[in-house]
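In what follows, structures are represented as structure tokens.
In the two complexes that follow, chain A is the common piece, with chain B as its partner first and chain C second.
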Partner chain A sequence: MLAYMVRRLMWTPVLLLIVSIIVFVLGTYGPGDPVEVRLGQNYTPQAAERLREQLGLNDSPAVQWGRYVWDAIRGDFGDSYVFQGRSVGEILGPRLWVSAQLNIAAFTITLIFGVPLGFYAAKRQGTWRDPAVVLTSLALFALPVFIIAPFLIWLFALQLDWVPVSGWGGFFDKRIILPAATIGVPGIAVFTRLMRASTLDVLGQEYIRTARSKGLSEMVVNYRHIARNALIPIMTILGFTFAGLFAGSLITELIYGIPGVGRISLDSIFARDFPVITALVLIGATMLVFANLLIDFAYTIVDPRIRLQ
Partner chain B sequence: MTADSLDQKAPQPRARSLKGRSHFRLAFARLRRKKLGMAAMTVLSLIYLAGIFAPVLETHGYSDTNLLKTQEGPDTENFLGTDRLGRDTYTRLIWGIQTTVIVTVATLLTGALLLGLTLGLIAGYMRGAVDSVIARVGEVVSAFPDILLIILLAATVRPRVLNWARSVEDGTGISGLVSSGFVDFVVIGIALLPLSWFGTMRLVRGQVLQLRNADYVEAARAMGMSTPRILFRHVLPNVISPLIVTVSFGMGAVAGTEIALSFFGLGVQPPRPSLGIMIAEATGRGSTATSVLTQHPEQLLAPIAVVWLLIFSWNILGDALTDVFNPRSR
Partner chain C sequence: MTGIGKLMHKSLFLGAAAAVMAAAVACGGSESSADPVVSASPTPVPTRASAPQIAPGLQDSTPLSGDNGGPRAGGRFTLVYSDPPTLDPHLVVDGTSFGVVVELFSGLVSLDKSLRIVPELAESWEVLEGGTVYKFRLRPGIKFSNGDPVTAQDFKWSLERAGRPETASAVAETYLGDIVGMQDLIDGDAGEASGIQVIDERNLRITIDAPKAYFLAKMTYPTAYVLNRKNVESGGNGWTDSPVGTGAFTLSEYRVGQRIRLARNENYWGRQAYLDEVFFNLSGGVSMAMYENDEIDITGVGLADLDRVNDPSEPLNRDLVDTPAQFGVQYIGFNVDKPPFDDPKFRQALNLAVDKELISSQVFADLFEPAFGIIPPDFPGFDPDLVGLRYDLDRAKQLLSESRYADAASRPRIVVTVPGSGGSPGLDVEVIADLWRQELGVNVEIQQVEWATYLQDLNRKRLQAWGGVAWQADYPDPQDFIDILFYSDTQGNRGNYSNARVDELIVQARTEQDIQERIKLYREAEQIIVEEAAWLPLWFDTERKALLKQRVQDYTFSQIAIPKFKDVWVTDAG
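Let's look at the complex of A and B:
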């Protein structure tokens, strides 16, 4: 067990280094010359050469990568090519925070609806309610953001006038409701389906029969025996979903005009602002890797029956 | 758990009449009784047929503009109206479907089947160092945030593939490589690869790891069967059922991602239509989505209805297939 944890912990930095190599290669050999982007109108061969020297672009790729990683570890992702004189950290920091808030709100919606719905559907297996819940959640899941967002805006902002059309005011502002719902609602299906499957699995177990035959009340059986066991597999997907949500809000942020990472990541791809985009991918990957690591360890703590080899 | 699953697999009254049929005919017979699954399959067939036969079904050219008739509602000449350049929405819709059809089928063949299945079989059967290498590569790939990596790949790979295609055109005299949209499909294919192969690989590997110690595989080995023969005759057929289920779920995701890529302008390039491009053009890349919905709903609703049906149907079919192939969940 301990050996497994140590191995996982030692592999993580290696994994991130490999990820950084790939990102760095894509950024360096991607289209567009950073010097050209920077100089723009003022491009002359002499100025380009000077800037190249100054940015260290004449060093070998390995040296450049080493420098990039060393700086990145200390939180310095270089300067943006497009926003002159501003560091990537300065540009991304506040935006990451905005996206994180939005996604936490969205994730809350997904969990609050998804898990109980799945539990409900499983308990009602064999009646029309089970397929109805599954079908409805799947129908919502298949709806692209392009339609959920305009529809929500049209209904709640334009027709009912409950919330403003767009904008951003932080986590406790009511303008977060629509975008959070836009991101969160499709995800409900994932959790409904998963919770339903794992509840069904638990329902067939001997210990549920034992619990009932002991004369425990239905409520105690439901919560202590069924729900708690059924929730374990949910944890696996939790990490994935959460790390994925951060990147999944691109289109939503665009439509609602939210100053998160969505807009900047698209803009920087089209503007060939590779320091920004590589930093984003690297941060995203780091989050994903650590989320998985945490989930793995949490798993063994919550469920002592699981012994990792 | 073994006693439990044996119990579940015990012959039911109906199964008697199906005796002697192969696993897949049995599965198909079960699928035929699933109304929703069959409905989803019908919808999918219709959409895919519409895409394949787009050149026959079109009523206009997909890039033909009619500036005297722009932003108009449906009539007898244009079944779904016209867009802001006076192009026929119906024609663009079926050509857009064709784009999605090509991308989903190509990704299925390359990512899921070729790469995922082969690597999974190899990793599971060989184990040891080969397995570790494949698993580690998979871990690295899955460490990236999906949509960002796909967008980054599409943006960085395109110019290279474009140059390569141009040089091939110049060198060999083959023309139309770039203009036919072939380059776009290669780019999307490459960008979608990381999304498509890892899941399949992991699934196949897990199945193979379980199967390789099965008695019948051992028996085959004892009889002196070669490794490839064991893999293809004895292991592969048992891996296919769970594979079909995952692929069915995955196709919806691939279709959705292709549409998102096109929406951002990183998928197929105009004038070739794609559902994502249609949504992007109708809504001004999302920013005017609401005004389109109230003024020209058909322009937004037509591509979105198809996208929705496509993703919905693939998921319903996946659900039905899970029930059909997995006796425990029935």
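Let's look at the complex of A and C:
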């Protein structure tokens, strides 16, 4: 399994190189120019020329790309075009950490509610509880962020005064609750439905009947036989969901005033701040790779029959 | 909006979009300037000199707690803001940066609350040799925030540093280019600017290339601020992390994306600031809700909340303040080199067919004032008697039929380009396009392109007609509108408008020393520009609403960034 992991990891740099080339090509040949956005209406051809020279944008794209890769290997992802004199690491580092904590909190909410609810619904199939659970979670799923967030702010911050309207105080600060719920709650529906379907599938399997006929307690059947098997398809979707959560937290971060990557990613695209954009894309790609690796690894834990090679 | 971002996204200018999402989408670039007060939210809190005047040069002693209800020292003022692209005054091109920099640094002269030029670090100046030489005398004993003395050498070094190619200031030419020798310095052909001479520690002589009356106004811009050489040279790229300045405040903390905290500068030359701290919250949020929850002291009011806060029974109503109109004008620009806009009659017809008064009242609930000229009300040079091309459908039809493009079949395709990222291109542009179609039978397509692309096309003068932006003043001089936008040979003239008489008037106005005469020249130029329909001027900004906590006193709303926090005090201080 170690060999498998190493092999997968060795592909990562290749993938990142390809991704960086795509970003560079799009940036070079796409419309819009970071220098002109920065100058705005102060644009003059001379001022633009000086700025291009200073930022190294007059070199050929291949040279720029080469320089970028060489610097990146040594851990230098360049300076932002917009935030003058500030490195990409300095700008993104703290924000990524904030977004990561928020998303982990949100993801925890999704899983803690989603998986057991799905399991519960499946076990109660045929009673009113099953459709009740599914409908409720679907209703929550259907609520867009820009409706649920102001509602939560109105109720918990303005009316009940339990938490401040906005701000960030870290993972263990109560201000994380509303934004984490805003991101996490809609996801509950996805995992409820998946877990429900998956559990129903497992429930119909012969080995469940066998397990019961062996006289195993319902508890053991539930957890060792049903839940563990039902979780395997969940694992697959889980990794992708987690990697995608970063994009999903954008609007939430804006509304709750969370200093995460949300706003900077949007702003950097509008301002053509390519060092920041490229770093964000590379981070996204890296996360996907590792999320997949983690899923593979998790398979072997949930189901010992699966071997990675 | 502090007015530096001259070219602004209309959605910000309009301040109509209340949703945070809209803000995010709208703030394309850093120059889509946001007011210091509300950058994170699109509800602008524009600003006015409504508070009482503080006499320039007033040098009281340190603030002490007033027992009689007067200003008292202490306390904190909190506002929502966004990350300034730079804190280096010489690199500032946007309102967000300006709003912070103006509190930390200063120059020879500054603007007071009525936007008059007043002494700052210079206690006086003389204008010599017919207006080409400015002799500044510095105040005695002025210091940087680290205690170093400020001398005439510091000014010479700073002004030259702003111009050096390695500084790569985008606006050095605009603001300092009039100084003799500066252009050579900017081009890298000279080591210093010969027009800046140090007479002695306290006296500085600046020679400019022609007697330009607006030179002093340009010296209020951060490009002309004084920096501490030791601080800049020892700090490398990151010197602005611990800047040494001459403003009323110093930077006590800057965490990118999170907060900026300013503290009182004990070495400030004038009366010390009252506030212990100004707290800029950079992480965003719904500013209206934060205001209601007492997390911030000021917020703009968007259209969505307007009815609620206008209701006298609503507690927030007590905090409601009027903020001044911005010095800006929204317009639809025409490229007069591109048919059919090369025929003045066609452009005039388009102007005359639009009933701006009707649109203003029916579409915008009178939030905008119809613009018939270029220079906004209250701005130096505003012409209250300018008639312009007012709604006259019959004349519009007649002019259209006289124009070279009377025949719809052979008329070139017309595309009005507006910036944006999906969503509505702007109600006014849509309504106007509709009017042209219905009343004149002129078909117009509206094309929406993303901000960076839009700017690129606009800078290349590739757009046939464009809308969705506003021109905002940078400094209080009509030159900033008429010269910069309509002189034949200027980058700001995006529509290639050219008129020999207008050029003549503009050149004459540049060096006219008598202010009344200058204004007359600009008004005559404006009259021609308007009658030739170089643009379709749309709206001037009008007063807006903001909410300001009652504990906050002497907060000044101003149209152009001025050092405002030094006068602010809070009643619950100390």
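Just so we're on the same page, the second predicted complex is superposed on the first by the 257 of 309 C-alpha atoms of A that agree within 3 Å, B and C clash if a C-alpha of one lies under 4 Å from a C-alpha of the other, contacts with A are read in each partner's own complex, and residues count from 1 in each chain.
In the analysis below, a contact is a pair of C-beta atoms (placed from the backbone, for glycine too) under 8 Å apart; a residue touches a chain by one contact, two chains touch by 3 or more.
Since we're looking at a predicted model, the values are computed, not measured.
**Student:** Per the contact definition in the header, classify A:297: touching chain B only (first), chain C only (second), both, or neither.
**Tutor:** It touches nothing on chain B or chain C.
**Student:** Which holds for A:120: it touches chain B only (first), chain C only (second), both, or neither?
**Tutor:** neither
**Student:** Tell me which partner A:251 touches in the superposition: chain B (first), chain C (second), both or neither.
**Tutor:** both
**Student:** Is A:97 touching the first partner chain B, the second partner chain C, both, or neither of them?
**Tutor:** Once the two structures are laid over each other on A, A:97 reaches no partner at all.
**Student:** After lining up the shared chain so the two structures overlap, which partner does A:150 touch, if you call chain B first and chain C second: first, second, both or neither?
**Tutor:** both
**Student:** For A:168, is the partner it touches chain B (first), chain C (second), both, or none of the two (neither)?
**Tutor:** A:168: touches chain C, not chain B.
**Student:** Name the contact category of A:51: first (chain B only), second (chain C only), both, or neither.
**Tutor:** After superposition on chain A, A:51 lies in contact with chain C alone.
**Student:** Contacts for A:4 in the overlay, against chain B (first) and chain C (second): which applies, first, second, both or neither?
**Tutor:** Touch status of A:4: no partner.
**Student:** After the superposition on A, what does A:26 contact: first (chain B), second (chain C), both or neither?
**Tutor:** A:26: touches chain B, not chain C.
**Student:** If I apply the document's touch criterion, which positions on chain A are contacted by chain B in one structure and by chain C in the other?
**Tutor:** 31, 146, 150, 153-154, 158, 165, 250-251, 254-255, 257, 266, 270
**Student:** Considering the complex alone, what residue numbers of chain B touch chain A?
**Tutor:** My answer: residues 4, 36, 136, 139-140, 142-149, 151-153, 155-156, 158-160, 252, 256, 259-260, 263-265, 279, 283, 285-287, 289-290, 292-294, 300-301, 304, 307-312, 315-316, 319, 329.
**Student:** Which residues of chain A touch chain C in their complex?
**Tutor:** 31-34, 36-47, 50-51, 54, 79, 82-86, 90-91, 94-95, 146, 150, 153-154, 157-158, 161, 164-168, 250-251, 253-259, 263-264, 266-267, 270-272
**Student:** Going by the contact rule set out above, which residues of chain C touch chain A in the complex?
**Tutor:** Residue list for chain C touching chain A: 5-7, 19-21, 23-25, 27-32, 40, 80, 83, 85-86, 88, 91, 93-94, 165-166, 168, 170-171, 173-174, 237-238, 240, 255-258, 281-286, 289-290, 292-293, 295, 421, 449-453, 455-456, 459, 471, 491-492.
**Student:** If you look only at chain A, which of its residues touch chain B in the complex?
**Tutor:** 15-16, 18-19, 22-23, 26-27, 29-31, 131, 134-135, 138-139, 141-144, 146-147, 149-151, 153-154, 158, 165, 189, 193, 197, 200, 204, 243-244, 246-248, 250-251, 254-255, 257, 265-266, 269-270, 277, 280-281, 284-285, 288-289
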